[in-house]
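Across the two complexes that follow, chain A remains constant while its partner is chain B and subsequently chain C.
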Partner chain A sequence: MRHFNFVLSPLDQFEIRDLFSINANLLGNIHLSLTNIGLYLSIGLFLALSYSLLATNNNKIIPNSWSISQESIYATVHSIVINQLNPTKGQLYFPFIYALFIFILVNNLIGLVPYSFASTSHFILTFSMSFTIVLGATFLGFQKHGLKFFSLFVPSGCPLALLPLLVLIEFISYLSRNVSLGLRLAANILSGHMLLSILSGFTYNIMTSGILFFFIGLVPLAFIIAFSGLELAIAFIQAQVFIVLACSYIKDGLDLH
Partner chain B sequence: MASRLAKSAIGAARLRPTVSRNVAPIANLTVSRSASNVPTEDPKKKAQSILDALPGNSLVSKTATLSAAAGLSIAAISNELYVMNEETVAAFCLLSVFTAAAKYGGPMYREWAEGQVQKHKDILNAARADHTNAVKSRMDNVQELAGVVEVTKQLFAVSKETAQLEAQAYELEQRTALAHEAKQALDSWVRYEGQVKQRQQRELAESVIGKIQKELENPKVLQQILQQSVADVERK
Partner chain C sequence: MPQLVPFFFVNQVVFAFVVLTVLIYALSKYILPRFVRLFISRIYINKL
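Our next item is the complex of A and B:
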């Protein structure tokens, strides 16, 4: 019965802890620390850089397998940018969108490694990105169109009587983009990891209850394996969804509908 | 013989339908099982493949690897270096998925990537071959022009000779023209002189004739001629 002595919460894996902190009277005694999310984001940065470095193949003309994979990611993101944004004007935002895709993908995949930490399941990270993107798109809209940017909130061909209500709805919908973009990513990753954690705890308790239950536990284990495969797919899909929506928000700022 | 046996079996079955009802489904089952395409894996081979998957060269080292792994796992778990909990289950599942992706997706990806790399290589090699051919054909073209200096020198000599000949021809032409002109002038002189001489001779002849006729009109002269003529005739 030893395993009932402590019960781990499924949310325990998402707790942010200080791994290393400086407790000195420096710069007005500010709290300088390396947290687990900071460490895993640094690992993500290191992996993304290593991947890019491997993909250069020592600057040879003939590519290697890494280069081919990066080329296909490049082509995918490029086609998304071309289709969602403008084929000519949209090219300007391609490096940003590509970096965003790689960042989210790498952090999603790091989160899938056992005993690691899912940075993208944290709302603080995803909301930072989504608020920055929507705010940037808004600035872009004001810079390109001035006060005409507000025409984004007026649906074309709407009756005058309904206009105040529709403008209000459009405005709320525009503001909710900030939340929905970040929420979608974090909620998907968070729920996936929680699901795996809860099912694993459930299966572990079944399988450790006796030799017969060990074999019975193989059934939910198969389900967890299937969900793990799904999580792997979600890591890619959510990164793609995030950049598609970021592109569409930038397009709204650029073209106003 | 076999067909006869088969026929007799069918005949017997026909005679005794109770037997055929029992035998036929079993026979069909055995036929379908033997004809199925599912390969029945040899258990020995399966066991050997599991043994081959273990690290080590000989059976002893494989056994050592297995016992060391088991020992280390037990030591790690008993000393609480590794705690078995639900995270182990999640880790097992995720690692199974990663292993499956690497095992089945990896070779497929490698094949595709190698195809792409080969495509790049083929394009570059084709470009290199094209370039080599272009350079070779250029070299061949240039080689045909290898004697261009000699040919130019010869052409220059020929052109120099032509220029000289042209100059000579022009000079000769000029001379001919001058000679022709001089001849024409001389001819006209000759014609003129001839005409003058002719006129003078005619005038001379006319004056002589006129004088003679005038003389003949003088009777004395006529008398004298007559006498002279008579004297000549007499002398003969």
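Our next item is the complex of A and C:
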């Protein structure tokens, strides 16, 4: 029996590949390409929209199972917006928060399909979203409150002597929101996929070593199934955490402290 | 680490923003108002 032993890095699954591209002298020789991340993001968009189309249920009052699932997502996101943002002024941001939740959730779930691609494990994608949200919240704060926005960096009731230090700490924590919001999502998805990839390679090698090892390999296989369930939960939890924090950052811009 | 290869950074960001923009537009224009209409009609049915 021939064995093909080749070592694949667990990071190989995240490699971005050019599927097809236009290399013509067009628009200032711009490199237009459809990559695998672009393809999977487009598939995610298609799935999100077709799920919404299925959940319309021909505008019937009595819901079917698709519309019950979407109404429960609606209720979850709505309660987050009401609680974290503002019960009246926060409604304005609901479509954005809902779209963000669906976008992250669909892309997290697509990543869980074997041999597919986890778009949300890419730091640039998550950072671009988190930096845009925090920058937008900062603009919102300046638009609403003008220079009073800087009172966000002054904790209430702090002694005057400690003020410079506390303002510096608050400013650094405000800047670190940008990084922490994006990093949390990408790092969670990345680590989960790497863990599953390493465990499955390990299990495959054990189970193909002999008949006795096949049965021993059932133990790590059970772990893989358990971790897959955990990853499914993480896909939902991380989407929720992202929008909860986005709401609280927008709230800081809206209401200050 | 493939995440740190800068060649496709612009591609990723452009795709992410285009997809997110389309999603926000479709949801806020067509899908979420339908929910509000549905909830309002349910409230009317209950109250009447």
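Just so it is clear, the second predicted complex is superposed on the first by the 252 of 257 C-alpha atoms of A that agree within 3 Å, B and C clash if a C-alpha of one lies under 4 Å from a C-alpha of the other, contacts with A are read in each partner's own complex, and residues count from 1 in each chain.
What we mean here is this: a contact is a pair of C-beta atoms (placed from the backbone, for glycine too) under 8 Å apart; a residue touches a chain by one contact, two chains touch by 3 or more.
A quick note: this is a predicted structure, and the numbers were derived from the prediction, not measured.
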Inset, instruction - Give one of first, second, both or neither to describe whether A:Y249 is in contact with chain B, with chain C, with both, or with none. - result: neither
Inset, instruction - Determine, under the contact definition given at the top, whether A:F117 touches first (chain B), second (chain C), both, or neither. - result: neither
Inset, instruction - Name the contact category of A:F149: first (chain B only), second (chain C only), both, or neither. - result: neither
Inset, instruction - Using the superposition on chain A described above, determine whether A:I61 touches chain B (first), chain C (second), both, or neither. - result: both
Inset, instruction - Check whether A:Y93 is in contact with chain B, with chain C, with both or with neither, and answer first, second, both or neither. - result: neither
Inset, instruction - Mind working out whether A:F101 is in touch with chain B, chain C, both or neither, as first, second, both or neither? - result: neither
Inset, instruction - For A:E15, select first, second, both or neither according to whether it touches chain B, chain C, the two together, or no partner. - result: second
Inset, instruction - Check whether A:L232 is in contact with chain B, with chain C, with both or with neither, and answer first, second, both or neither. - result: first
Inset, instruction - With both structures superposed, pick whichever of chain B and chain C touches the larger number of chain A residues. - result: C
Inset, instruction - List the residues of chain A that touch chain B in one complex and chain C in the other. - result: 61, 71
Legend entry - chain C to chain A touching residues, read off their complex: 1-5, 8-9, 11-13, 15-17, 19-20, 22-24, 26-28, 31-32, 34-35, 38, 41-42, 45
Inset, instruction - Would you tell me which residues of chain B are touching chain A in their complex? - result: 85-98, 100-101, 109-110, 112-114, 116-117, 120-121, 124
Inset, instruction - Enumerate the contact residues on chain A facing chain C in the complex. - result: 11-12, 14-16, 18, 33, 35, 37-38, 41-42, 44-45, 48-49, 52, 56, 59, 61, 71, 74, 94-96, 98-100, 102-103, 119, 121-125, 128-129, 186, 190
Legend entry - Complex contact set, residues of chain A against chain B: 3, 8, 61-65, 68-69, 71, 112-115, 196-197, 200-205, 207, 221, 224-225, 227-229, 231-232
